[in-house]
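Below, subunit A partners subunit B and then partners subunit C, in two separate complexes.
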Partner chain A sequence: MQILLNCLSLTSFYLCFALGLALVFGVMRIINFAHGEFFMIGAYATYLCISTLSPQVGGPVAWAIGAIVAAAVTGLLGLVLHRTMVVPLGDKPLAIFISTLALSYVIQTIVVQIFGPVGLSIAPPMRGVVNFGGAILPASRLVVIGVAVVLAAGLWVFLMRSEAGRRIRAVAQNPRGALLQGIRTEKVGRLTLILGSSIAGICGAAMGPISQISPYMGAGTLWKAFIIIIVGGIGNIWGAVAAAAIFGVLDTLMSQFGAGRFLALTSAAVMLFVLSVKPSGLFGEKE
Partner chain B sequence: MSAFRRDLMTVCALGAALVVGGFVGSNYMLGVLVLFGMTSILVLSYRTITTMGGWSFAHIAIMGIGGYSVAILSKPPFGLPVLVATVAGGLFAALFAALLSYPVLRTRQYYFFLSTFAAGEALRQCFIQFREITGGTSGIAFIERPEILPNPSSTLEFLCLVAAVLVLLGIFYASLDASDAGLKIKAVGEDEALSSSIGIDAWALRALAFILGSFGAGIAGGLFATYNGIVSPSDINAMLMFKVVAACVIGGTTRFSGPILGLLFLTLIEEIFRVVPEFVPMIWGVFVIIAILFGQWARGRLMVWRAKNA
Partner chain C sequence: MNMLTRLLIAGALAGALGTSAAAEDTIKVGVVQPQAGECAQWGVPITRGVQIWAEEFNANGGIADATGKKHKIEVTGYDNNCYTAGDELNAFRRAILDDKVSFILQTFTPASRQAVAEITTENKVLTTSYGAGYLGPKYPFLIGSVTGSPASYMFLVSHLLESRPEIKRVAIVTADHSFGQAALAYYKAGLAPYLDRAEIVYSQPYDPASTSDMLGLATPVMASNPDLIVELGFTPGQQALFVEAMEQLGYKGLYGSEGWTMGLVTERVPAAEVAGRIFSAYVVDASEPNFSPRVSAFYKTYVEKFGEKEWSALASVAYAAMTTIEAGIQKSSDPTGAGVRDALFASDTVDQPLFGPSRWGGSEIFGANNWLMTPLPVYVTDDKGGVKVTAVVDVAAWWNAHKDAALPALSEGGQVSAK
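Let's look at the complex of A and B:
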């Protein structure tokens, strides 16, 4: 039971982190390397909100405000990114990849200058542990699971049921066809990038209280998200969900049975194996 | 002057400049020049990979293979001479690239960046985790300088060695570039479908560029290891990868002079802002963004200008 909960907890984190990246990648075929830094900024925004507000309004409320602020800030960054880089560089995925890589260094340096290079810890807004049939789970991890479920479900409803979501899916399937149908692809791209970045910010808000926050926290997790996207399949957000679950379970089991040191090797091996057998990923369609 | 000769001139001029600079410069300058020479090998080998149309992000991790090979092979029980171990390190790096090329080269564009980035990071994690072989986070220390140098502790002599290796590898890469295979690799990089349609084996040529480029990275890694006397996972940092990519972005990859000039520019920034090293990544990043955005804007203006004056 404990293992099951740990699996769930890790899967939620991977899902949270990879969801925004997979959304942007799936719809616009661009990789935002600064995604990890947006995640980090979300965590720092939450840190600021909690440390200033929690004496007045209490931990959970301050955390909720922090999450909203984090989403707003990173959403704004996504808007700026779209305006300054994605639109001018339109059809050059490599140029966008490298310029967002450069942007990630700019953001990292700025954050180091403001908050210092040393990690900080956020006072957890939810204290205590929850019991599930003999297994225990810290309440703040429960928050991550909740956030991941809400984000994934919310994104599903948004994409499948709303008008804007339908437009996003149309652009993801065929940008040219969508354009011919009178969809403003640039607007859809903007919305997607804002959405994806906000998800990164909220994920940062959820993860901040669990792990230490540091200016390099995003960069350290990014490669795992890349592997998840590759294994999940090109342009398939739900493939990313499945891949997050695969790695959540796999990694938990491996650490449980004392094979934690082989984690990176196994993840890479799984990725390379999937690429060898099915280059478009487990759930991807052939381009 | 043909492109081949121009590339040869670039490499030889750089090698000569390194040696001359070493003789006249101060001790500090000597250190900078050695680093510059070794990083030049990295960017030149990286350029070879980019000619096939894919920008790998595993180059520095593959460099690490060369470094660790030298560290392990030059010590007992192997005890190989350092230079032999360095060449072996290059070959190991090439071998690893050959193994990696099967899955990774099946991907294109964004997928290629992602998979090479993830593979490189995983390799770095392996260097950290397999303590028995690699010494974990502290790495392997006490690596000797090459024995063939008359005075191994002299940085100047090491600089001459680096310059010699740089020129040799430069000639090798320039010949590759000018050869039939090199031209085909470029054709594949331009348009893979079109190249395949006229009977070019695109896959084999892309793999060839990747493997030969990685060989240079392994050699550079070996030089780094023997120069520093230690190899550890912190050598394989994202900053160095970014520096190599940034040099190629800022300078362009058409000719050898591009990445070298780009690297020169980045190194100058690094030295100017030596007192505030924490700002260097940011300044590099800003210049890369400017180079990319300005290049895009300039190309657009040029097309408008040509259309008007056609």
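Let's look at the complex of A and C:
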């Protein structure tokens, strides 16, 4: 039972982080290398909120405020990224990739200057554990699972049921066709980047209390997110969900049965295998 | 030549001579450690520790050599990209060839030390560490100036087994990288004399990337039902997360590691719950006020400069390692790498400024007595999240008594280079 809960917990970690990246890549076909830093900014925003507001309003409320602030700050960063890099560089995905890589270093350096290079710890807003048939799940991990589920479900409802979501799907499927139908693709791109960045910020808020936060935490997480969206099918959100579950189970079982040292190797091998038999990923469509 | 020109030339010459004299008087020290990135949480406090050591002397005009001449100490930090061997060598090249440093403090990590063994020897740059790793007769300028990593792991776990006969099951949690592998071997060596009454129930190394899921990592450790968990490889924040996960899983046993940042642990687990259960054996932990007045004063300086939240015992480890170099400079009339080495190795023992008389050792492991076996304080946490000294291990005596049992385990772990 504990192993099952660990699988669920790890899947939610992976999903939470990969969702925003999958959305941005799926719609805009650009790799936002600063996505990891937006995640990190979300965690630091939450750290500031919890450390300053917690004595007055209590941990859970301070965390909730932190998550809202994280979403707002990273959404704003997404808007700035869109205005200053994505629009001016237009249809040059390599140039956008390199400029977001540069942006990630800029953000890291700024955070190092403000908070120092030494990692910080966010006091868990919710303590205690929940028992499930002899196994345990810490309350702070339940929050991550809840956030991942709400984000995935919310994104599904937004994409499938709202007018803005329909426009986003149209652009993701065929940008030129969407343009010919009168959809303002630039506006859709802006909304997507704001949304994807905010999701990264919320994930930082959710995962900060259960992991050490540092200026470099984003870069460490990003590689796994890339593997997940590649295996799931680049740009396919439901593929990302499936791949997060695959790696959540695989990584948990490997750690449990003494093969933890081969996690990175196995992840890379799985990605290469999937690419070799289905280059578009498990749930991706041929371009 | 008019008067003004002559004055300018005289001034320029005087300036040049003055600069040259000042350069000769300055002792240059390099600290090769991670200065950025995730591992900076180790490297930055270590660098600060050496800087404060230098500032203590510089505030009084410098460090006096055997002739009484004072030398200012200049400390420069060099980044090794999280202990990557190739970057370690690049940093050494910059420090030695460009900046002409005479002394370097670096990691004990065997792979990193191996990478720089030749360059330090060729250039006679005395290179020390807060422990002993990759020493050997071919590399006389590579030394270990205190009992620190990785040997301290051996002494810590053996002390716990010796003082706590109720420990029957030991889990070893180490990362799958060079210093994690060294730690695993030294932990096993420390347990070797007691394997008739205790067993190793877990020793699977983990991928450092997997530390983002601490519950997944802790679950199999808990399943092995240990009485004592010794770890090496987590960052301070990860250590706190690991303790939190183990406590959530219901663990009630002991923890041991090189050191713990208790401020981070007690943010997650109440200090009273882990009081008396978390042990460490850093070279010295300056936050403990009673072991040495000098290191205690160092702690106060560090906290005044950088704040209590920035404190890491690694700073005092680096400080302690430099005090051996300090003893060598003070005994030498030629404070270069070669001169200080000669002074330090003039006899079998060094009157170490913090630990007192300590013997050179290590020949059975490394084939050369280039490791100063200083006594090792063992610390335990109290109910306020502080630490206190619970014992001081006589390292040389322990090694004489148990080396026959320990050496095969070290050899099996690839740590013995003596022929």
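Throughout what follows, the second predicted complex is superposed on the first by the 287 of 287 C-alpha atoms of A that agree within 3 Å, B and C clash if a C-alpha of one lies under 4 Å from a C-alpha of the other, contacts with A are read in each partner's own complex, and residues count from 1 in each chain.
In this section, contacts are C-beta pairs under 8 Å (C-beta built on N, C-alpha and C of every residue); 3 or more make two chains touch, one makes a residue touch a chain.
Everything numeric here is computed off the predicted structure, so don't read it as measured data.
J.: Superposed on subunit A, are subunit B and subunit C clashing or fitting side by side?
T.: In the superposition, subunit B runs into subunit C.
J.: Contact-wise, after the overlay, does A:258 reach subunit B, subunit C, both or neither (first, second, both, neither)?
T.: A:258 contacts subunit C only, not subunit B.
J.: Would you sort A:126 into first (subunit B), second (subunit C), both or neither based on which partner it touches?
T.: neither
J.: Have a look at where A:92 lands relative to subunit B and subunit C in the superposition and call it first, second, both or neither.
T.: first
J.: Is A:80 contacted by the first partner subunit B, the second partner subunit C, both or neither?
T.: Neither partner.
J.: Which partner does A:164 contact after superposing on A: first (subunit B), second (subunit C), both, neither?
T.: The answer is neither, since A:164 touches no partner chain.
J.: Which partner does A:112 contact after superposing on A: first (subunit B), second (subunit C), both, neither?
T.: both
J.: Please indicate which partner A:3 is in contact with in the superposed arrangement: first for subunit B, second for subunit C, both, or neither.
T.: second
J.: Touching A:149, do we find subunit B (first), subunit C (second), both, or neither?
T.: The answer is neither, since A:149 touches no partner chain.
J.: Who does A:61 touch here: subunit B (first), subunit C (second), both, or neither?
T.: Neither subunit B nor subunit C is touched by A:61.
J.: Which residues form the common part of the subunit A surface touched by subunit B and by subunit C?
T.: 112, 117, 261-264
J.: Per the contact definition, I'd like the list of subunit C residues that touch subunit A in the complex.
T.: 35-38, 40-41, 44-45, 176, 204-207, 209-210, 212-217, 219-220, 235-238, 240-241, 244-245, 248-250, 264, 267-268, 310, 312
J.: What does subunit B use to touch subunit A in their complex?
T.: It comes out as residues 55, 100, 102-104, 106-107, 109-111, 113-115, 117-119, 121-123, 125-126, 129-130, 238, 242, 245-246, 249, 278-279, 281-282, 284-286, 288-289, 292-293, 296-297.
J.: If you look only at subunit A, which of its residues touch subunit B in the complex?
T.: 25, 29-31, 84-85, 88-89, 92-95, 97-99, 101-106, 108-110, 112-113, 117, 219, 223, 226-227, 229-230, 234, 261-265, 267-268, 271-273, 275-276, 279
J.: For a test of understanding, state which residues of subunit A touch subunit C in their complex under the given definition.
T.: Residue positions touching the partner: 2-3, 6, 9-10, 13, 112, 116-121, 123-124, 129, 136, 138, 141, 210-214, 216-217, 220-221, 224, 251-252, 255-264.
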